[in-house]
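Each of the next two complexes has subunit A plus one more chain, namely subunit B in the first and subunit C in the second.
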Partner chain A sequence: MFKWLEKNLPKIVMAPAVGLIGWFVYGFVLWTLYISFTNSKILPKYELWGFGQYEKLWASRKWLISVDNLLVFTALFLIFCIVIGIILAIFLDQKIRAEGVLRTIYLYPMALSFIVTGTAWKWILNPTLGIQKMFIEWGFENFTFDWLVNREMAIYTIVIAGVWQSAGFVMALFLAGLRSVEDEIVKAAKIDGAGLFTVYWRILLPMMRPVFFTSFVILVHISIKSYDLIVALTQGGPGISTTMPALFMTQAAFHKSQVGLSAASAMMMFMAVAAVIIPYLYSELRRENAR
Partner chain B sequence: MKKLIIALITLAFTSTSSIAGPKIEVLHWWTSGGEAAALKVLKDDFAANGGEWMDMPVTGGGGDAANVALKARIVAGDPPSASQIKGPTIQEYDQEGVVAPYNIDEVAKAEGWDNLLDPMIAAIHKCENNSGPYCAAPVNIHRIDWMWANKAVFDANGISVPTTWDELNAAAEKLQAAGIIPFAHGGQAWQDATVFEAVAMGIGGNNYYKNCYVDLKESCLRSETTVKVFDQMRKLQGFTDEGSPGRDWNVATGMVIEGKAGFQIMGDWAKGEFTAAGKVPGVDYYCAATPSNNGYLYNVDSFIFYKSSDPDKQAGQKLLAKLMMGKNFQKVFNLYKGSIPARLDVSMDEFDKCAKTSNADIKTAGASGGLVPSFAHGMAQGNTMKAALQDIITEHFNSDMSSVDAANALADSVLANM
Partner chain C sequence: MQDNLKSSSYQQLEQKSKYTNMFLRWFLYFVLILFASYFIFPLYVMVVTSLKTMEEIRQGTLLSWPSGLNFESWAVAWGGRGYGAGDTFLKPYFWNSIKMVVPAVFFSTFIGAMTGYVLTKWRFKGDSWVFLFLLFGCFIPFQAILLPMARTLGALGISNSIVGLVLVHTVYGIPFTTLFFRNYYVSVPTELVKAARIDGAGFFKIFFKILLPISAPIIVVTVIWQFTQIWNDFLFGSTFSFGEAAPIQVALNNMVLSSTSVKEYNVDMASAIIAGVPTLIVYVLAGKYFIRGLTSGAVKG
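So, the complex of A and B:
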């Protein structure tokens, strides 16, 4: 009995969690998939209707705008987070004084909710309250910084706020990666006459491949799901210029009585996340099996 | 210790299985300020009549969170007894089969709601496509097409309350020249649409408004008049300040109160901000209808009563419906909320100037065919169509889209969502 328990205890302990995840995550994913094939309006309905919701979705101007925005946001968010994260990590890696304090400062935005970040940046970027007003009061009468209220530029303000929040996290990942490299390698390179730049560019950064990968996967799924930041910062405005898929989805479900359309958009987002995560998991699992 | 636990358990059980009597569970988002105070009147009334009120307040996002909670409850097969739902959404829920068999109709018949309400307002609250039994109760009538203006600012610049849109534009230009923000506006989709419908009714006239935004006729939406309406919207946009996008409506009202801006176009809930700042209508500020031909854009808040198999809750629904339409609640609630009673026979003596104007105007409008439902506030169209209109209006207002393109986009958007 005791032996049996000892052998199966981990499974017994894990079972409820697996069951709950199975139902609440995978079960509901399947439910959403089903609903996306129905003509559900204000409440879910269960008669199948075919691909009508997907046709409607891809004919919707607002959805196309939100997909465009997502592509722009994801690309810039990724690039800036990773570049800024790496630069900060390399600077901190120079064994400087007060590293602990600086590290905390850079990492601190991560502790805030996106709602807080969004609200703070909304005030900072508002032309009548924030940076622009400050510069005008300092005497730069013609200074304008109106990205937040400019339809063409508003999406970039979301990038700014998102990068501010997440770059520190990327820095922490890279710093941990850099610290795990053995000193001997760096020393050997230096003896061979490599400068600091060469050491990082040719040796250390190429060794950071898994860290790049991890950051990529984490950042991409943050950006596909980004909702709270937009709600706090622009509410999808000015007009509908900063709508993103997650915002589109909640609006369709809860404001517009389009539950079926909302489910279809949720499935599109799900597929986008899956397209990123599945190859990652596949490569990770294969590596583990190879060991 | 053990005794204590047992005592607590018995207490818990006895307190839930209370005595039979009218019982109601109300999902709402009236949790602050005047709305909460007004709701308390209703709760006290309900308790005084031997009812048990189970409050289910869900705050956040002007009812967004409450809508999420409501849908979850309905999908789970356990709708609350009553919730804040209005306009055509009442019919949407009815079509889902969660409202029938219309418990409160009996009360409505007994109390003679047909005689107490304007027929147009009454129809909103009748299920089965606005002609069957009553399934919801109105609590107020908001007017949307209000202009709130700072009197001191207007006086200082020699402006009187404009009665045509041209006068309004001229007044705004005068203010702009004097370095005052003419038009206090919050650039959020629903606020853009609020202004748009006032402009549409004013410039296009009442029949144009009905053809376009109630009946959704394509020829009307693509017409020259719609182009003119969008032209006026573009002018108004020029009168806003650059901090406008994303601003909340009450912040914009604050700008008028402080004299930083000349006027705002907003429903009568804006009055609450003036009252809270200690301002008096006619003395410190003007409340005037936006220019139109005796038009009146209405927005009625209602409570819908879902089906329930529990006889206590059925009794509760009947009692609540009766109290909600009662003279006392209709008066007190609207004194707090800034709107006017939906019930026609409530004395307006205690109301302020703005509410009295509203009450007089609705009768004129009703007689002359100018009483029209607001689409921006979900009275003329269901949620899907409302959003289809709103998306284009806000996109036009916040971009350099031409008026002709906007009119066509509006028609396309409506057709795509038919």
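So, the complex of A and C:
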């Protein structure tokens, strides 16, 4: 008995973690998947109902708007974060004075919650007392900046705040990537007469392909899950113009008693994340095995 | 000799490239500082707004300097105005968050250290599959587990309580903490463990005598990562708690959204700073470890 215990001690120590994750991650996802095939309203029902919830979901105007918003947000969020991140990383890589201070400034938003930064941005973007007023007082009398309360433009305020929060993070990833390149490569290129621009454009950036990939995956992941920022900044409004899937899901589940529908929307999010993550994990594992 | 070899045209060229270089440097610093001001701008606005009176806010602009160091809105944000109903302030929720963060960080870090230790130093058949099994937990969108989690917390009788939130954050922290410790222990030579095993040291003795003493850096990384994640969480807090059991981010959001009276932007900003200050302090003091966690934790999640 004691021998058995000693031999299996490692597995016994592993058991709680495996059990908890098995139950709370895999079990729960399967439960949600099952419920998405039922006609559950306020309380879960367990008779199968087929794909009804998914049909309802894709017929819902609100869901279509959230998917549309998600696509717009993700595209802009990706482009701006990666472009700003790369520019900052390359510029910081030029033996800059006070690099540490600048890096700290670029990255500090990552330490704050979206609720905190959303509250700040909401105040800054406030049409009466925020940026608009600042420009008017500076002499631009007809300056208007009402994106926060403008149906067409409100989604872009979320982009502004999101990029502000996450661009520094992409900078950190690329800076780490650039620093891991051996000096010899750059030196050899310079001896061959390549200018700084050529060195980056032709040699270093193409070497950063894994970093591009990683940033892409993380940013898409962040954007699919984005919830806090929208709650803090617009609550999905004006109207439902800035609603996104994560917000749709919680509202359906906890405010509108549409448990089945919310489960279906959660599964759509799950599949979207899986579509990005599984290839990523696969390539990461292959890289690790190749080493 | 060298000087003789340099032709005059070469010198001219060098002179010219010196000027372009100087111009480029200035451009570089200009862009870097421009971005720095973009990043610092909201923080600056938050701080100065929190120090102004509402009158100053209405008359000045976002950037205008406060008339003095007026910490009244901070006092109101933290401790309220002292009248009964409807007076929401952050103090109790700040403590809620502390009570939630400390045990959740401790448990998730401990479990992660143990699983990371087993996965690297007591390898068994199929252990890489077990690792992948746990790792997948880093990626799931939490929306896919919210509904069953709410029901489970209810069934356990810990919905809308700090205990419930501790459980939630511990469980969903395990994939990350496991990842951190596993990747750290992988680089610790296994010979060390083997030798100790031959000397008759057991499972826990090896962990506490050999691995734990060299784990300080990864413990710091993990604790900072978990602390930041849990302190900043809003989704779980807002879904599984309300009223008096709410953590600080939820309370902040409620305070800012409550439209009972005139909007007090100075109090809003002071509240936001109070809710953000703990993680900000950790970031400033231990930035190196914060970034390490960020690049290795978020790379996978």
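The criterion applied here is as follows: the second predicted complex is superposed on the first by the 276 of 291 C-alpha atoms of A that agree within 3 Å, B and C clash if a C-alpha of one lies under 4 Å from a C-alpha of the other, contacts with A are read in each partner's own complex, and residues count from 1 in each chain.
Here is the rule we use: contacts are C-beta pairs under 8 Å (C-beta built on N, C-alpha and C of every residue); 3 or more make two chains touch, one makes a residue touch a chain.
Remember, it's a predicted structure, so these values are computed and weren't measured experimentally.
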{"item": "Touched partner set for A:Met207, first subunit B, second subunit C, both or neither", "value": "neither"}
{"item": "Which superposed partner A:Ala188 touches (first subunit B, second subunit C, both, neither)", "value": "neither"}
{"item": "Which superposed partner A:Ala275 touches (first subunit B, second subunit C, both, neither)", "value": "neither"}
{"item": "Contacts of A:Met249 with subunit B and subunit C, given as first, second, both or neither", "value": "second"}
{"item": "First (subunit B), second (subunit C), both or neither touched by A:Leu71", "value": "neither"}
{"item": "Between subunit B and subunit C, more extensive residue contact with subunit A", "value": "C"}
{"item": "Partner chain in contact with A:Leu129 - subunit B first, subunit C second, else both or neither", "value": "both"}
{"item": "First (subunit B), second (subunit C), both or neither touched by A:Ile96", "value": "second"}
{"item": "First, second, both or neither for A:Ile79, with subunit B first and subunit C second", "value": "neither"}
{"item": "Doubly contacted subunit A residues - partners subunit C and subunit B", "value": "44, 122, 126, 129, 235, 254"}
{"item": "Touch list for subunit A against partner subunit C, complex", "value": "6, 9-11, 13-14, 16-18, 20-22, 24-25, 27-29, 31-32, 35, 44, 84, 87-88, 91-92, 94, 96, 102, 104-117, 119-124, 126, 129-131, 133-134, 137-138, 164, 168-169, 172-173, 176, 214, 218, 221, 224-225, 227-228, 231-232, 235, 245-246, 249-250, 253-254, 259, 262-263, 265-267, 269-270, 273-274, 277, 281, 285"}
{"item": "Interface residues, subunit C side, partner subunit A - complex", "value": "28-29, 31-32, 35-36, 38-43, 45-46, 49, 57-58, 61-63, 111-112, 114-115, 117-119, 122, 124, 130, 132-137, 139-152, 171-172, 174-175, 178, 202-203, 228, 231-235, 238-239, 249, 252-253, 256-257, 265, 268-269, 271-273, 275-276, 279-280, 282-284, 287, 290-291, 294-295, 298-299, 301"}
{"item": "Complex contacts: residues of subunit A adjacent to subunit B", "value": "41-44, 56, 59-62, 122, 126-129, 146, 148-149, 151, 234-241, 251, 254-258"}
{"item": "Complex contact set, residues of subunit B against subunit A", "value": "64, 67-68, 71, 74-75, 89, 92-93, 96, 98, 187-189, 241-246, 382-384, 386-387, 391, 394-399, 413, 416"}
